[in-house]
Each structure stands twice: as structure tokens, then as C-alpha cells.
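Remarks on the structure that follows.
Think of it as A, B, C and D in the order they're written, each chain with its own count starting at 1.
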Amino acid sequence: MAHPADVSALVELFDSGLPARDVLCVLGKTEGNGCVNDFTRGYATLAVKLALAERLGVTPDEVGRRVALIMSGGTEGVLAPHFLVFGRIAEGAPRPGVKALAIGCAFTRDFRPEELGRRAQIEATAEAVRGAMAEAAIDGPEDVHFVQIKCPLLTAGRMAEAAARGASVAVEETYASMGLSRGASALGVALALGEIASAPGDAAVCRDFSLYSTRASTSAGVELLRNEVMVLGNSAAWGGELAIVHDVMADAIDAGAFGRALASAGLDARDPASRRRVVALLAKAEPARSGRIRDERHVMLDDSDINATRHARAAVGGVLAGALGATRIYVSGGAEHQGPEGGGPLALILRRA
Amino acid sequence: MAHPADVSALVELFDSGLPARDVLCVLGKTEGNGCVNDFTRGYATLAVKLALAERLGVTPDEVGRRVALIMSGGTEGVLAPHFLVFGRIAEGAPRPGVKALAIGCAFTRDFRPEELGRRAQIEATAEAVRGAMAEAAIDGPEDVHFVQIKCPLLTAGRMAEAAARGASVAVEETYASMGLSRGASALGVALALGEIASAPGDAAVCRDFSLYSTRASTSAGVELLRNEVMVLGNSAAWGGELAIVHDVMADAIDAGAFGRALASAGLDARDPASRRRVVALLAKAEPARSGRIRDERHVMLDDSDINATRHARAAVGGVLAGALGATRIYVSGGAEHQGPEGGGPLALILRRA
Amino acid sequence: MAHPADVSALVELFDSGLPARDVLCVLGKTEGNGCVNDFTRGYATLAVKLALAERLGVTPDEVGRRVALIMSGGTEGVLAPHFLVFGRIAEGAPRPGVKALAIGCAFTRDFRPEELGRRAQIEATAEAVRGAMAEAAIDGPEDVHFVQIKCPLLTAGRMAEAAARGASVAVEETYASMGLSRGASALGVALALGEIASAPGDAAVCRDFSLYSTRASTSAGVELLRNEVMVLGNSAAWGGELAIVHDVMADAIDAGAFGRALASAGLDARDPASRRRVVALLAKAEPARSGRIRDERHVMLDDSDINATRHARAAVGGVLAGALGATRIYVSGGAEHQGPEGGGPLALILRRA
Amino acid sequence: MAHPADVSALVELFDSGLPARDVLCVLGKTEGNGCVNDFTRGYATLAVKLALAERLGVTPDEVGRRVALIMSGGTEGVLAPHFLVFGRIAEGAPRPGVKALAIGCAFTRDFRPEELGRRAQIEATAEAVRGAMAEAAIDGPEDVHFVQIKCPLLTAGRMAEAAARGASVAVEETYASMGLSRGASALGVALALGEIASAPGDAAVCRDFSLYSTRASTSAGVELLRNEVMVLGNSAAWGGELAIVHDVMADAIDAGAFGRALASAGLDARDPASRRRVVALLAKAEPARSGRIRDERHVMLDDSDINATRHARAAVGGVLAGALGATRIYVSGGAEHQGPEGGGPLALILRRA
């Protein structure tokens, strides 16, 4: 996209035959700061809604109810702003013995403010992940490779409503509630995928970072009250030429995760033909809270001029662009309980042959 | 270093036996913004001067005359702030048939303001590079792998002095003069190393980017009027366990340059033992002026919140840290005529066996 | 507005009786960085277009043709994001001997790329200003108090088109072309208002800052090829309870300009009742190119972390908010030839009694 | 100062007769970001120490023990970087019935980590303020007009030491500990000056902002373990041509505080001769936590590109520079319990006649 509201490529997709009604989800990497006052997310969301509304003959609001629109701000360094459009189209029958890329969506109920960032959110999220897996006909956790979640946050109004009922919320700052909601949502994925044995207590959220999912990618938004879940995996019930694999970056410079993920599909990161089969690369990035990477100091957390998440996206974007040899990469910040402390999940959508 | 003025590691080096009088050059990567108001460079320079002055029993000013102190600001993303200390110590006799890391220094005469960013600076720089090569007993251009230059810039005062004499300078903005001085200095290296056949005219400086050196790294500073040149190469006249190699990043995500440089020394980037032999990695970074990397858009030049050079260092730092598996990397911005447009030189100092 | 796309107050205006078809212009102060990648301007423009389109029963594009939508980014410091809605409504007959706020709009022809930032743009702009004055029935230059202009800029495509015809443009960088276009437009206002005797040559634009208008406020945008001019003045042909006055800030801290402007309407800045009659305050801000304000150094031009225009808006916003006692102030950056070097025009729309 | 380490004006002061041994305190406004990674404070401190050490014939460390060096980062907008040098010189005998500017310094004991940001720090600070008043021969609280305090913060090491003893600290993040230490120190001033009746409990610190001092200005630094207190007031025991007054800004745009402070000395803010008698203006600035100023929204707390304290200094600097007509103003951020929420103390040092 040439700017956040540039939906010309999406319109071209429709013109070239993709039915707008088959679009399930649009994941966007927009060029704002990815932090509190990043309005490129809202701007892109509005532009995509208008484009879909015109094609579907419905209102923009109705589009918002039908299609998951998830915009992640921040294309620091070499990263290219782009949309990833996920659709379910009626071509390509399943081939026996071959699992293909499968998508499933599900929602939790609306959360009460006092549930956010706590066990209640973890458990409801896990249930929704299981529901999305079932909807996608994904057999089991080992076939799930990426779970994208959009989750709510606490606003002054929601906190006041809880207080009026005598309920106490997990934290009283809006910004901190975003981390807690992302963290609890990621723990919900970990629970559904068996990465943790049971739902941890409230106190573990954003505290005990030894608990994490290797496949969760969560982002918080003010416009919803429930968790919206998109599961990406492989399923024998699906056809098409795509499949998905994943691995985990142990830290911010673990370029090897890219090679390991490719290798899990029998491909070789040193082979350009293998790399060209990567249709999308999705990853999470964060600055190590220890202030160190492999024993050397980093300054990301101490820089009052550039937000730490911007540093992290720029650097991890460089690590992965260097490995892949391309810059159209979805790197998103805010990785609480998403991969190990300082690292993060990485998924590749691959084209067969 | 724990902060820009932390010279404790340098003092430890002295305490553990390195004679302060053998120090030729200190190259620092400090944690400021690397742009106009980056005072971490001056702060680190002052701290290193004070530490050396105490050991040498001379004044801080005298240290500045004896030792080349070159500080490059900007440790965005994963990059670790650090000093590289270059010394010439009296151990390790040359081994027959083995070329080892050699260092040579030289200076040009002081430039008049109207010479900066022009052919006069190019030619004088080329002469100084040849002088430094001779001083280091480096046989020819093919044995030169990195040339670090500190060059002057135009200030209001220097421009006024030129104007009073009726001389006209290359540009009337201080900031723009830094780029021109860096560019002309790099072209001087290209000329000395035979990368260009003859000194280009004034008009080519910061215009014709098809002319460049694969081994120049230049930075401009207000505190000097001449070019200070440090040549790093390999020479049969030197002993010790170190050697240097180089390659060129074709663009900001050309991680392959690291592997090619290692391969030129018979090493393999995929082999951890090979990577552990890298003592220092030096590179230049810049955002492609085209606004594109391998056909995808980048936003570095359009971001009014983060200077483009900061984006570039963060990203290239990530690319190289991912390849090397470590973050103590010297990545410097402002790469006019230093490597191809959007790319840059890369050098590795290696420990034998 | 609660965010750049929050048009709820505008909708409320419509609901409370303002006919949408009477809206001539919406001036917005949005909360982006006011620089190259400020997408809050486009986002707000889209939101206002959608709101007006719904009321007018036309397409958003048609709204853009009918109504001048001018968004200025940057609400640094205490400044409050807000819209100023200018309309011409059918109430309040002129009162004999009383001049009331009058608005006139006009457009130049589309400019060819090589005309931008040059005498051709100056002269065409002057003609449009005279046209807008006539349309508003404003008698003479002394009754004009604020001229808001939106002007084009050079893009890569436009420059290529000119080059193909063998025409040479004023400057080859898009960002620099914005300043030249703003500057030439302001000189056009100065010419129309008799502030300069004749159209200066091309070389004076953004060079000879002794030439300026005390009433011009210009901003450049990529979406148009002509200058769009809105003249605000007082006219005996208009009714209503509003009037406009102006003065000039001699430098960035000239709070006295506010008092002088009020005094020109017989009001007293020290009197809260006088200050409460200010309906809108419009001003331009810029950092003095000399690097000094009343002989003391300022750092705005040397700060590579915060753009100089952001510093200037924050500071001038503080100066004027302190004088006015309120923060809903339209302070816009980029003041080439708009007021003296380092200062800028200031206009007040006042409610009578 | 031309840059953070430019002590030439200080050296000139010495050369023109100020004995270096009479310097009690240097207050600096340096041009860094005023936040975590602002190294201009340390750089300026080192430069001042070196200059004083040379004059006094002692080591730089010894200077640090004798003279209070307090650097506040951030000269956003129009603010001019500068040093304020406080000395006690042997000229100007007291005049009967005239109170003149008086300075007193005192220190608390070193604090244990678990005391910071709590009642223990409040009470010890109050005691030190009383001690400094006595040292300065200031009769009572009504003669105190500005209290500058430098206070410690919690580091990882200090927290670990406390934990090892089984002691629990007030907060576990270094950055948050700075606010708590500043807040408790300000409450100590309020207690000593009778602005609050008794020392509040630990829970009130940085929570109950209805408690505050109208004369405290506190800043936290890593280099000390105790509070260092400088009291500025008027005393009949002192001579000289200077006096000090104060008032309180009710919010960030309360320019009237300047006039009220002048009026308390019988001067008139509208009179240029009165304004020229202002030798120094000291103030604190902060963004209102409510997100609003006089009912209009501000964006300072939501801007992830510019730290809120930088916005606040730029804006309040503009408010006060507009009122004073000069830019050499000491505006410092981080105003917990220093003036009312969103406002802050303001003091003027005046030259008689």
C-alpha cells in the first residue's frame, strides 16, 4: 500500500476475481508508530471497510461485524507496509493425505471489565481457540501454527462501570491493561494448545514469563469487548496450494528460527527457491526485559525518544528480512506470553512447489 | 560500556597490560541519536581523553593530537554500545607467508572551506590513504579492507571566512556540508584503491552514486580541519593473530555479504566456530533513496518522528546481528559513496584458528 | 474532537440546525506530527467528507469539490485538537455602518509543475485573492485579516512530466517543494494586499525573507494542482455577530501581538470579558532560522528527535494560550513569507458584545 | 552555553572576579531530552566539575562533594540552554529593614532503599529544609520562595540489597521510583513550610495530589543516596541587590502567576522596566493527568513519539517566555506534589531597582 488508506491492491484483487464475500480477515501492517496515538490503524480499517462495503452492498459497520480487520502499526526500518487478505474460496479440493492451510474463527462472549487480564479471560479464550480449531477442521494442537487474537482493553468508562458495581479491575491504567489483556489472551492460546497444563492464576499474567505460547499473536483494541480469534493451521479437510509452519525465536536475533521453520517443511533457508515459496512471514518482537541480548547491553528500554517496541520491530524486521531476502513481513510488537521473554513466535505460510 | 562515559573496560585493558602509549585509535559506538544533537559522542570522547591522559601523563588536548578518537552515535535496536580499541603492540612477529592485520594512519593538510566536498578534498584524501598504506606496509589496494576517515564540515564561521576572501563554498548549510565532506572523502578512498579511475569533478559528489568505494567509512566532525585517515588491511610485515576481510552489502537486507566475507577467509557463516572467530564487524547503513528495497516500499525517508539514519542502523544492525549471532557490531550511518546506493561496505576482523 | 475521525461535534452542529449545504470550509487542527507522514490530516478529511456526504446526499468526492477541507497537523503541548467550521448562513442582515466577518473563496487555474514556487504562482495567487475579496464584497486590503491557502507540491510524477517536456522545476525534492509553494503563495497574498509593490522574481522565494505578508497562512497538500484561497475579512455587506482582526508576532514569544490585535477592536487583553469574546485564534509558528530568539540560543533547528516545526507549534501554542487563557487555538507551522522571519501572522475572530 | 559542555561563560565569570570557592550551586538547563537517556546532564556536570577543579586545585570528585551540581534536561521550544550559578560572596552588607536573597544548603542522611518514596524520606527532608533555613538565617516559612532538591532513586542493585535484608521497597521499577522520590521530597518541603499539617502516610505519595508544596522543585539522580537541599529565600541577615518571590501556576497556561509574583514585589508585568528586573525565572511543568486543560483535551499523555514531559516544558516555556519577554528560563518537568495537579511553582529572582 502506498499509504494507510490505499486499498487499490485490495480492489484489484476483487476485480481480478476474488469474491469480496469470501474474505474472512484482513491483517494489516500500517506505517504509524504502533503505540497509543497510532491513527494509521483506524484510518486503514475505515478504508478497508469502505472498500468492502461497496462490494458487498452493506454498511461499513456491517463489514466490521462480518470480517476480522486487524491492523498492527509499525513498519520501522526495512519493513514494507502491506495487507494480508485471508479468504476461504471454493476451489482446490483436498488431496488425500495432504494437509493444507485451514482457517477458523471464533469469538468469546463480551468480557466484564474485571475479567480482563485474568483467569476468566484465559479460560474463555482457550475455549474460543478450541472452537475455531473445530470450525477449521483442524485435528489437534500440533496442526495449529498461528493464532491471531484481537482483545479488549480497559477504558476510564469501563473501569467506572466496574467500580460502580463494586468490582475491582486488574489494573487502573489503560495502557497497562493492554498488556494484561494481550498476555491473558496468549495464555489462553497456550492452554488450548496444551503448552501449559492448566489455567494459571491472575497473579501469573505479565509476571511469570516462563509460561507462554509458541503460536499466539495478540493485539488489544478499544473497539471491542470480546476476544476475536483466528486460528491458522493445516487440515486434511482443506484444499489449495498453501500450508503453514512455525518455530520460535529464542531471542531477538535468532535468525535460525526462520531456517528451522522452513526445515520443518523439508525446505532449506540457503536455497533461494525454498525462500521464494514463503508467501507470508508473521512474527512477534519485543525488547528483552533484562536489558541484555546474549550478554550484551541493548538500549531499547532506556530510549525516551523512540518507543522500545519501535526499536524491536525495526531490529527483528532486519533479522528476518536478512534471512528471507524480502521485506513484506508482518512483525508486531507487544509479545507478552507470546514466545519466551525477549523472543517470539514466527510462522510461515508456504506455497507448495 | 554501561553509558557513554563508562571507560572502565578501557581502564581494565590498561590494568591487564595494554600499554596506553600503544593505543592508536579508539572507535566508539555510542547510544545517542547519531544526528546533529548527539552529545554522547563528545561525552565519550572527553571520558576517553581523560582516561588516556591520566595513563600517559599528558593533557587531554595532547591525547586528542596523538590518538584518533572516532565516535559514531546510534545503537538502535539490538546494537550494543561499545568501544573498539586499536593498538600496535610489540608482540607476535610476522610469520612467513602469512599476512596479518595492519594499521596505518595519515592526515591530509588542513582544508580551506571552499575545498570541502570537492575535488581538492578527494585528491588530498587519496594521497593520505596511500600514505597510510605505506606506513602500514600494505602492499596494494587488494590488501586494504577498511578505511575509516574523520573529516571536517562547514560552520557559519568557516563559511564567513571564505566569503570574506571572495571564495565560494560547495553548500551553505552546515548539515548538508557533512554529507558532501563524507562523500568526497569516500571518493578519495575509491581513487586511492583504484575503484574509480580518476578524481571526479565537483558535480559528482553526492550526485553520481554509481561512483563509490567498497571499503570507505567516513564521518564528519566539527573539531578538525583536515581528514584523519586510518587504513586497516593485511600485511606480511605484521604479526599477531588477527586478519581482516570485507565484502559489500548490495542493499540493506543483504545478509549474504556476511557469508561472502567469511568465505573469503575460508570460513563458513553456517558454522558457529567460524562465527566465533569474528572479533569485530564494521558496516555502513543507509536508507535507499529510491524509497524501495527489492521492489517493496520502505518508510524510512518519510518518517518525521525517527530520523532515517536511525531506522537504517536499527534494521541493518538486525540483519547483521542475525547473521553473526551477536550484537557488538559497529554500524554507522551516512554512507554517501560508501558502497552502492542503499547498501554499504562490511568488514570483519577475524582471529586466526 | 476526541480523535482525528471524531466528527460527532460536526454532526451535532447539523442536528442543531446548521444546514450542511451552508458549510464553505472546515479548518482542522489534528493531532499528528504535522510533517511528512502525518496521516491524521487525511483521516480527518475522509471522516468529514463522509459526514458531509451523508447530509448532502452526494458522494465524498463531490464534497471535496464543493467544500474546502484544510487540515493542519500538530497539537503539541497544550493545543487542543479541533475543527473550525466556516459557513455562510442566511440570518443576520447587515447593520448600517458595521462591518461584519465576511468570507470569500476562489481558485487559481491548475499550475504546471515548473510554475510552482515561482513568479507564475505568485501572480496567479494574487489574482485569486482579489477574486475572493470581490466575491466577499470586501472593499480593500485593509479589511482583509486572514488568507488561508491550500497549495500543491511537486511529486516524482509531476517532476517527470515536466522533465519530459524539457521544463525545469524550481527544486527536485518533494519536501523542499512544499516550502517553495507555501512561500510563493504567501507572496501572492502580499502582492494582492499591497504589502509588496510588485511580484518578486523566482530567486526571492524562500530566500529574501524581508518580503512577507502579515495575513497569509498557507499549507501544501498533494491532492490538488491549483491554489485554493479563502479570504477572511470584514465587510459592510455582511451581517452576523462576528468580526475579525489581526496583528503580527515579531518573533515566537511576542505575546503582545495578541493584545495589540484585541486593542485594534477596542478590547483589552487584561480583561477576561474581552478575552471571552475571542471565538477563534489563528496563527503561524516557525523556529527562527538564526538559531536565536532575542539574542538567546534556541535548539529547535538542531534537535534530530523532534522536528523543528513541532517545537515551534508547542512553544507558540504556549505563548498564545497563556495570553488567551484557552487552548483551542489554530497554530500552524511552515511560515515561509508569512510574517517576519521567526514570527508570524495572528488573527482573532471576535463575537461582538 | 553553546553546547552542554560549554563552560566558557563560567570561566569568564571566574576571570572577571567571582572566586570559584564562593560557588555553592550550579543549576543547569541542558538540551537533552530530560528523560531516561539524557546524557547532556552528566556531560555538563563533568565539564563544570573539571572547570571548578582546575580553579580550586582539587579533584573533580572533591568538587562534587563541595558544590551542588543540579542539571535539568530539556530546553524544548523557545527555551535557552543556560547555567545559573549561585554563590555567596563577601560584598554588600545587609541594609536595615531590607531582606535580601539568602541561600542555605543541607543534606539528609543516606536513605535505605526501603525508605525512598515513603514517610521516612518525607520527614528527613523536612528536617533538612529546616536546617537549610537556619543556615541561611531565614526567619520563617513565609520567607522561603524556592526549595531545590536532588534526591536518589532505586536501582536494581539497591533493590536487591533491600531484598537480601528482607526489606520491601515502595516500587520495583527504577523509572517509577524517580517519581516517588521526587514526590516524597516535595511533601517534605510542604511539611517543613507548614503547607501540610503532618507527614502523610506512604500511600499518599504520588496518589493524593491535593497535597503539595508551592515552593518545591525536586529532581532525582542516580549518583546520590541522600537528599541534597538548597533553600532560596529572603533574609534580613543578607546583603546584595537580589531578592526572590514566588507564586503558583494553577495549570499549564496560567500566565497570570508571573504577574502575581511580580506584583508581590510591587512590580507590574505590563511594565518592561519591571520585567527587566527579573534575573532568573524558575518553574515546574507537567501535563495534567486528567488529559484536559480548562475543559479542552490535550494530547501530551497520548503521544508515543514525544515524551509528555517534553511537551509540557515546551508549552510552559512558551507561556512564561511570552509573559517575561525572554527565553532564559529554568523550566523543569516531573512536578509530583510540586504545585497543584497540572500546574506548578514559579519563582523569580529579582534585582532591586
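Note that in this section a contact is a pair of C-beta atoms (placed from the backbone, for glycine too) under 8 Å apart; a residue touches a chain by one contact, two chains touch by 3 or more.
Predicted, not measured: the structure shown is a model, and the values here were computed from it.
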Distance-maximising chain from chain A - centres being C-alpha averages: D
Pair with more cross-chain C-beta pairs in contact, given B-D and B-C: B-D
Gap in Å, rounded to a whole number, between the CA centres of chain D and chain B: 42
Cα-centroid distance, chain B relative to chain C, in whole angstrom: 46
Sites on chain C at which at least two other chains make contact: 31, 33, 37, 299, 303, 305
Residues of chain A that touch chain C when the two form their complex: 3-5, 31-32, 37, 39-40, 42-43, 46-47, 305
Partner chain A, residues of chain D touching it in the complex: 33, 35-38, 299, 302-305, 307
Chain A residues within the chain B interface of the complex: 2, 31, 33, 75-82, 252-255, 270, 293-294, 296-300, 303, 305-306, 310-312, 314-323, 325-328
